[in-house]
Amino acid sequence: MAEQDGTQAYRRIYTLNLGPQHPSTHGVLRILLDLDGEYIVKADPIIGYGHRGHEKMGENRQYKQFLPNASRLDYLSGMLFNHGFVLAVEKLVGIEVPERAKYIRVIASELNRISSHLLWFGTYVMDLGGFTPFLYAFDDREQILDILDSVSGSRLTYSYCRFGGVTRDIDSKFIDMTRAFLKRMETRWADYDDLVTKNIIFIHRTRDVGIIDAELARQYGVTGPNLRACGVAFDVRRIEPYEVYDRLDFEVPTGSKGDALDRYNVRFNEMQQSCRIIDQALDQLPGGDFLTKKVPQKLGPPKGEVYSAFESARGLSAFYLVSDGSPGPYRCHIRVPSFGNLNVLNEVLPGTLVADAISILGSIDVVIPEIDR
Amino acid sequence: MSEGLFGSEWFRLILGLLIVLGFSQLNALFLVWLERKVAGHIQLRPGPMEVGPHGILQTIMDGIKLVGKELILPLKADRKLFFLAPVLVFMPVLVGFLVLPFGPSMIIRDMNLGVLLVFAFSTFTVLAILAGGWASNNKYALLGAIRSVAQNVAYEIPLLLAVMSVVLMVNSLSFSEIVRSQKSIWFIFLQPVAGLIYLISATAETNRAPFDIPEAESELVAGFHTEYSGMGFGLFFLAEYTNMFIVCAVATSLFFGGWNGPFGISLGIPGVFWFLFKTYILIFVIMWVRWTFPRVRFDQLMNFSWKVMIPLSLANLVVTAIVVKLI
Amino acid sequence: MSYFKEIFYGGLSLIEGMAVTVRRLFRPLVTVQYPRKKIPLSSAYRGHIELKVFEDTGTHKCIVCLNCEKTCPSGVIAVQGVKLKEKGPKTATNYVIDFSKCSLCGLCVEICPTQTLQYSKEYELVGETQSDCVIDLLARLAKQAEAREAAEKKTQGLAA
Amino acid sequence: MKAKELEAVMIEKFPDAPLRRDETGMTGALWSIVVPISIIRDVAKAFGSAGFFLESITALDFEDTFELVYHFNCYEPKSRLVVRMLCGHDQVPQSICDIFRGAGWLEREVHDFFGISFSGNTDMRPLLLPEDADYHPLRKTFGKVSAYHKREEIYG
């Protein structure tokens, strides 16, 4: 069971295989932990159990046919990846998108961001042992899924965006549902605060746990809320705004220390900012087409490349498409944020307790199939 | 002859044992159902609804399912210990029932060392958990067992210190004596700190959330009973609920007046109902706590025990001793 | 001093949390007991594809242009057809989908030139083998028409 | 403007490397530079000391060569920069995993998919592929392939 370490006679280091089947490894992550008692000496994340070859699929498909794949990369923010892929292709081919479609996309994406964060919130508290907030978060998330279902017809893998617009226009029912949701959430934040944010046990479980400072984050290419938690206000929506984000007023919440509590607070505030964005976008929503008519069935983009970044729920994501002029890409690379965010565990985990490892893993919010691609 | 048989001490003991066995099993099944209902309604869902009215028979069906399942012995497990542990975890909780004062005349054995007996035997649970975790030959189970031992050592102390303050006031270790002296005012009003410390330690003692670190399903999969299947797991599960009943019943008799109504008002309700009512209220509170809080971390738990609970309970004991001496 | 302060405010935060959960205890439930109660589907719901019946012809309008078959990313659709008339389009004789491969992207529905494809509202599909997921849309259409006729007869019979 | 400063550094230090600016922002980067395989570590060091982080490493398989593409970015202001490196099918580029510690995994991923091994990276186990994988799926010689071009055919 415990192997004797040759060099140190009475310190026994043993290996614990955390995952791939483990309640808290979110998908199929395996971490080889070398433990000294309950303290972690070395951590080696092993990934790839969910590798489906999306990049190879992308090379063998037409641009249009890759649409359903895009929302299956990070299935929790399917709309965002769908949106991001469409952006990349539109940039490559040069398709003009109607104003209304841009707003619809932003609303749908932000709704998806909230739903992704809500799921993270629920599972994170569940990783820490609190089961009830998980179901409250799911109750709220259910409202978002209903809203997105009413317009895209799907609850998880939306395939809602199309080159030059979206598949279906939003109607007054959608707007009413969204407004009702925003109103509902206003009262929910206080409940979540009382139940989780202010809870002394929760604070002790997260404060000073798993500190990722700005330099470490830079070394590993950590982005998204995990980076903002260490005080760097880096948000693709702000730095290189796409769609109509430059017309909307929102803050980029940041933390200071980069511990689990900061990451929690950043995500929590981000949900509220997303609510603000949706509210403004609904106010500014113009009329007009939701899908441009001028897109040919078979796209023939010019030769060249495009690297289009967008902010998914987990950080900076990008599609890198290289076109050889044919209706499908020559190379389709996907930059996923969870890759760097998980990689940093190599350095953050050693020296912490097993219980902290679960807390850290939950707080950086990785979606493993996104990394595996 | 017959009179001698029914009146004999042996008859009383056997009858008592049968009642205890029947009651503890039924009670545990009911508590499991109650827990699922409470959890369900707290989480805005109905809980079990299918078997029987409002799913009341669900746990019995689960029990039948567990009995029907194969007991899987892990490779290289310690066979004897592995099967002994679930039995070991259930034996001491039965002993606890012997001295619980359900009513003025409803005690199987009114021993004058009753309090001591309950706590002496409740430590057996730790032994069972350690045996089960060790025998499983599984790292998660072993970690759970280690945590359990450390946790119980840390929490026995404040638990007993809190009880000691009550014992000092009554000057007796007999449950019926303690309950009788609470006829006019419950000890929770005289000893609020001790009562609170007792409840917190008892939650930790029974490995309930937020102190369920030996199980800690999000960290250690299922802790010490990771490898148990079928009724082996079932016994651990039932023992947890029976244990919970016992600590709550002890809390009722030590701090909440046992079979007495509040402030001596009994409303004509028999004492046993008062006792059960108060015990179930306490059990509900423990469930309510479980479905509200996240789990504490192992070292924080120890910190809390050694840095907060033990000093507080010691101070409380000293103050009690001085006051008792002065009066 | 901060030692006692933390104990006090910590305890207070715990009580606040418990207040949140106990309030929920008396709120109406949000879940639905599924097989007995069902939530209405949204009008945009995307089930597997099916052939639409048009009022004017009484049947579908598939002309076997194979656009759906070609555009499908996963090779779900297989269509065969014959030319019934010398001039004019073909008519489908076979329209089979393998639902186990379908990712419900909806590209086939969008590309259909006669708009004879639509999403069905069926979601309670069950099968034991992969071949159970193969759906013959024309047979399904015939079965639906039969059911409709039977229902019509029944109402006529009742009326008479 | 970190990008401008770095551009000056690049031109000064590596005058032979062709630097291409992208005024339109079409490709998502301000400029890209094609560097020879031997100086990638110096380039990466320049980027590292300028406060950039490594966004992604990826490769393209052409008939005549591999092309490794490094995307660097910095937090403020918008300045994504691209470093390209032509790497023959039998060449072994140097690892930058000690300059950007996160590069280790990215290089492992490239090794998985293209079979390019990096000298200096001690951990070259397959990352996303199975442990015993001896194939490189994103090479254009593996599986179904729609086209296999020479590099000039795309970049002209």
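Per-chain residue numbering starts at 1, and chain names A, B, C and D are given in the order in which the chains are listed.
Heads up, the rule we're going with is that a residue touches a chain if its C-beta (ideal position, glycine included) is under 8 Å from a C-beta of that chain, and two chains touch if they have at least 3 such contacts.
What you see is a predicted model; the values in this text were computed from it and never measured.
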### Query
So which chain ends up in the middle if you average the CA atoms?
A
### Message
Comparing the two chain pairs, does A-B have more C-beta contacts than A-D, or is it the other way round?
### Response
A-D
## Note on the structure
Relative to subunit C, largest Cα-centroid distance belongs to chain B
### Distance between the centres, which are taken as Cα means, of subunit D and subunit B, whole angstrom
63
## Note on the structure
In whole angstrom, the CA-centroid distance of subunit A from subunit D equals 25
#### Entry: Rounded Å distance between subunit A and subunit B, as computed from the means of their C-alpha atoms
43
### subunit A and subunit C, separation of their C-alpha mean positions in angstrom
27
#### Entry: Numbers and ranges of subunit C residues touching at least 2 other chains
14, 17, 20-21, 24, 30
### Query
Considering subunit A alone, which of its residues make contact with at least two other chains?
132, 136, 139, 195-196, 199, 201
### Task
Kindly provide every pair of chains that touch.
A-B, A-C, A-D, B-C
### Query
Quick one: in the complex, what on subunit C touches subunit B?
7, 14, 17-18, 20-22, 24-25, 27-31, 33
### Summary
subunit A residues touching subunit B in their complex are 1, 14, 16, 22-24, 38, 125-132, 135-136, 139, 195-196, 199, 201-202, 204-205, 353-356, 358
### Message
Which stretch or stretches of subunit A touch subunit D in the complex?
### Response
47-48, 51, 53, 55-56, 59-60, 91, 217-222, 232-234, 239-240, 303-309, 316, 318, 320, 322-324, 326, 328, 330-331, 333, 335, 339-340, 343-344, 347, 371-373
### Task
Using the touch definition up top, name the residues of subunit A that touch subunit C in the complex.
61, 64-69, 72, 132, 136, 139, 142, 146, 149-154, 157, 159, 162, 167-168, 191, 194-196, 198-201, 297
### Task
Enumerate the contact residues on subunit C facing subunit A in the complex.
6, 9-11, 13-14, 16-17, 19-21, 24, 30, 42-46, 71-73, 103-107, 110-111, 119
